[in-house]
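Several structures are given next for inspection.
In what follows, chain A forms one complex with chain B and a second complex with chain C.
Now for the complex of A and B:
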């Protein structure tokens, strides 16, 4: 028998009366947290949450891997991703030709991650941060070049990385993000300009 | 606010209802921007301090979800319907996915069923905590507001680890789910459930058993069993009036037939019982989470998508899942490009689940195209809101937040 019904009643008032049962109980709990609070507030932007890989943040294109199949643009529920025709030099066929590549409009994107999941060659990936600022709406429509760069994680430059860990007593506890793990991120940023995904993998593999 | 008007001199516009106010009553508009909730409007007629007529303005924030769905590909409707109640995202979209699966003739495999159940329960807790927080701030108890929202963060964090997004998970897809749980998830989930169980006792102390709150809730807005069934109330509100109805009990879906839990039913039917019903439900959801996590840990990481899919999947899909590609996250299930141009066989399907606020119903009709012919959505808040009209008259105006909050009523879901 999977689920069963359990009849319940509102708890009765305590015979000791309102003052003892209710008020004292509430005050005791309040006092407990007055002396031993669990502060989980993030002092953003002095601190920022170091999100784990797998977070659906901003999306980056690896142009070399893209086979121009348009799946990402087709599945996009917000019509944020559009295919753009550009002239490229095809290395295999050794000639200049027009190919379609996706570009993204962050005004519309809802970060559902469908495009990343549907891409048959894994040419799109998420970076685990999402707090970027654009000066105007026009900047949020990325060009093909910008779409291939990992955007600068601005809060990471000055803020202190924080992570929340689970705790049986306090729920979430705010702790500092360990340094050695952070180094994995460093080479990523320094390699924004490198376009060859092959070298990217090798470099990262070396660090981690 | 309007004073007495004589109906003869009032210009009558189409679609406008003109009601004459009796002497000495005032009309008060609650909303459109209520400090405690989303956009809604309730038109209340008060005589002194006592409400004599309460009229929830259904359609005030209407967003044509059903019509929009008719112009979108099947899979694109999942993120759309999610926006009805983003804090309950998995529960809200699951019946749509189930209905389309029925049309497609696919069944989710076991692991996917458990993963969906797990996320549904995480969502249910987060949604109840959200509702309790709003309830607290309605009654001027800002401590509970902070606590509930802080504790909700625990479960949102769990959901984020699982799906990659805090609120709009878009987690279930036709035939399965989009990700598997990360390696450290079971441990974190167990810590979170243990924490929350203790925490609920403190909630009772500081809020529900607090004499100030109790006197505002007890015997306020009593909904009898008869009235509740007559109005078609659903969810914890129905069960707080003593009706034994829960979709998880009457028509188990996903993994609910295999996990053990209780359905708390309260007899009193007042605001306090509705609040207690939610606390007890959170307790049961914690049990379900623990059972689901145990099950997921014991079973191998396979069968989270329909088996046909995994057999025909190219090597890259498997590499992504097992974390071989280092810039992509681990345990991600790739979607077939087929999903983008999915055509669903003609037919009609119906599915329902028990969402955080009550029964969520989808009726989906397909005529074989790549967009649905019709999607009918019946959301729990839509069915609950009518209770305001019958419960509130006779109470004082300050009881309005006590009743409103106890229904855990969510405007975006009401007007979808």
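Now for the complex of A and C:
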């Protein structure tokens, strides 16, 4: 037997109660917000949301770490990644040879982050911003050199960093972002050396 | 020197402060109404934005909160091409917005805004009746406008307008006349003089004030009740085929109508120039009372436009139901209350 749904007593049952509770309640809420406004619109070019390190933004390749396993190109659901044959000088074998490296086509990329997750040597990582403009579609197919550079974060130059927090009384509130953790700023070098495969799996679970 | 002084006196006394011109064109009239429309539209957008957690107009002059945004919009309306469709009836199509604005301002000619005898625009003996009667003329031209546009949306909007007008003009007129029942006179100067002691008729007869307030909002298609030109159903109601400056006139026409009604509300219910007693002289007897009335009416309009952010829009049948089932009985109650207060001598 399904549980009985407890109905709330409706104060708006008789017409007089409807008039008073409805109108005066609405006016009170309106006046409250009029005198104490909580404005959460993001004024985009003047402000921008400061995103955390886990955000799936643009993808960058570290070529020294890449072992040419093609896992990223194989797992890519949108087929945005392709392996490109490049002549490189191998330091360990000390001779020139042809190796394959991933390049990306941002026309197709859906920023799912599977390639970053699957990479066994962490040669790929995300940058925590996503607002970039390309002038034409040809530019969105990156070459190997472009794929290694971090793109310029243009909005961070002009706008104020903003974050949204939950206040107990007001709900969602827009506040100014302040740098509180300094380890987050340089994550790649220090973290990747310490990490072992187990902790990486934990990270994956957290993200997905 | 003497000639220049004479010309100056003629310009000041006989042209600018000649009561019909001054009241129709300058302080409660056209120029003040345009300034008020600029302020009120800005306030309306800003208040709605505050309540709905937004910023409102901001990008033009962010330091003063985008207050001159409306000037930019007005410039755009003025410079836009006026497109006249082939199917419209051209003469009524062009003339009706202009006549509507003129007729909307006409009640101001009947309203005395000071108690000095030389500054009455017309003899004030029946001024309340005349002002209320003149205020019911301009909605006819919205209906003409919608018929001349020869457009489905415009005609549906015009039909809605006629429904709303027949319901709500009646309430507004009866609500204003309940004050006449209290004071046994249609003389607006006498009505204001009776309120000089601080017993404003809005406090003595709050039901009438409430009813008139709602009726004015509804009949000027103020925001919670903008049923004739509802954007989501009819494109712009009776104004669908209008572009450029003519559309700007229509937009401003609703605000001008509401401004005239709020001046009437101020004089009848909120004491007119009440705390101030006019003394002879142009500035003290005519200019200052008109400013006091304008400021009070501006506050009334600000309250009206604040309601935009709180209420949702009513359907036609809901609005008409409120009118005929609730507000007309309430108006009769207000009329009876006025009669009872007159009988027991509370005034």
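As a working rule, the second predicted complex is superposed on the first by the 163 of 208 C-alpha atoms of A that agree within 3 Å, B and C clash if a C-alpha of one lies under 4 Å from a C-alpha of the other, contacts with A are read in each partner's own complex, and residues count from 1 in each chain.
Here, a residue touches a chain if its C-beta (ideal position, glycine included) is under 8 Å from a C-beta of that chain, and two chains touch if they have at least 3 such contacts.
Given the structure is predicted, the values throughout are model-derived calculations rather than measurements.
Participant: Have a look at where A:111 lands relative to chain B and chain C in the superposition and call it first, second, both or neither.
Facilitator: first
Participant: Check the residue A:4 against both partner chains and state whether it touches chain B (first), chain C (second), both, or neither.
Facilitator: first
Participant: Looking at chain A, does chain B or chain C touch a larger number of its residues?
Facilitator: Touching more residues of chain A than the other partner does is B.
Participant: Considering only touches as defined above, state whether A:167 meets chain B (first), chain C (second), both or neither.
Facilitator: In the superposition, A:167 contacts chain B only.
Participant: Tell me the contact category for A:30 with respect to chain B and chain C: first, second, both or neither.
Facilitator: both
Participant: Please work out whether A:40 is in contact with chain B alone, chain C alone, both, or neither, and reply first, second, both or neither.
Facilitator: Both chain B and chain C are touched by A:40.
Participant: What part of chain A is shared between its chain B contacts and its chain C contacts?
Facilitator: Comparing the two interfaces on chain A, one with chain B and one with chain C, the shared residues are 26, 29-30, 38, 40.
Participant: Considering the complex alone, what residue numbers of chain C touch chain A?
Facilitator: Touching chain A: residues 47, 49-55, 58, 306, 309-311 of chain C.
Participant: Using the touch definition up top, name the residues of chain A that touch chain C in the complex.
Facilitator: Listed in rising order, the residues are 26-27, 29-30, 33-34, 37-41, 43.
Participant: List the residues on chain B that touch chain A in their complex, please.
Facilitator: Where chain B meets chain A, its residues are 72-73, 75-76, 78-80, 143, 150-151, 153-154, 157, 160-161, 164-165, 168, 170, 178-179, 182, 187-188, 191-192, 194-196, 198-199, 202, 204-211, 214, 218, 244, 246, 248-249, 252, 256-268, 270, 272-273, 276-277, 280, 314, 316, 320, 325-337, 339-341.
Participant: With touch defined as at the start, can you tell me which chain A residues reach chain B in the complex?
Facilitator: 1-11, 13, 18-19, 21-23, 25-26, 28-30, 38, 40, 52-56, 69, 71, 74-75, 77-78, 110-114, 116-122, 125-126, 164, 166-172, 200-201, 204-205, 208
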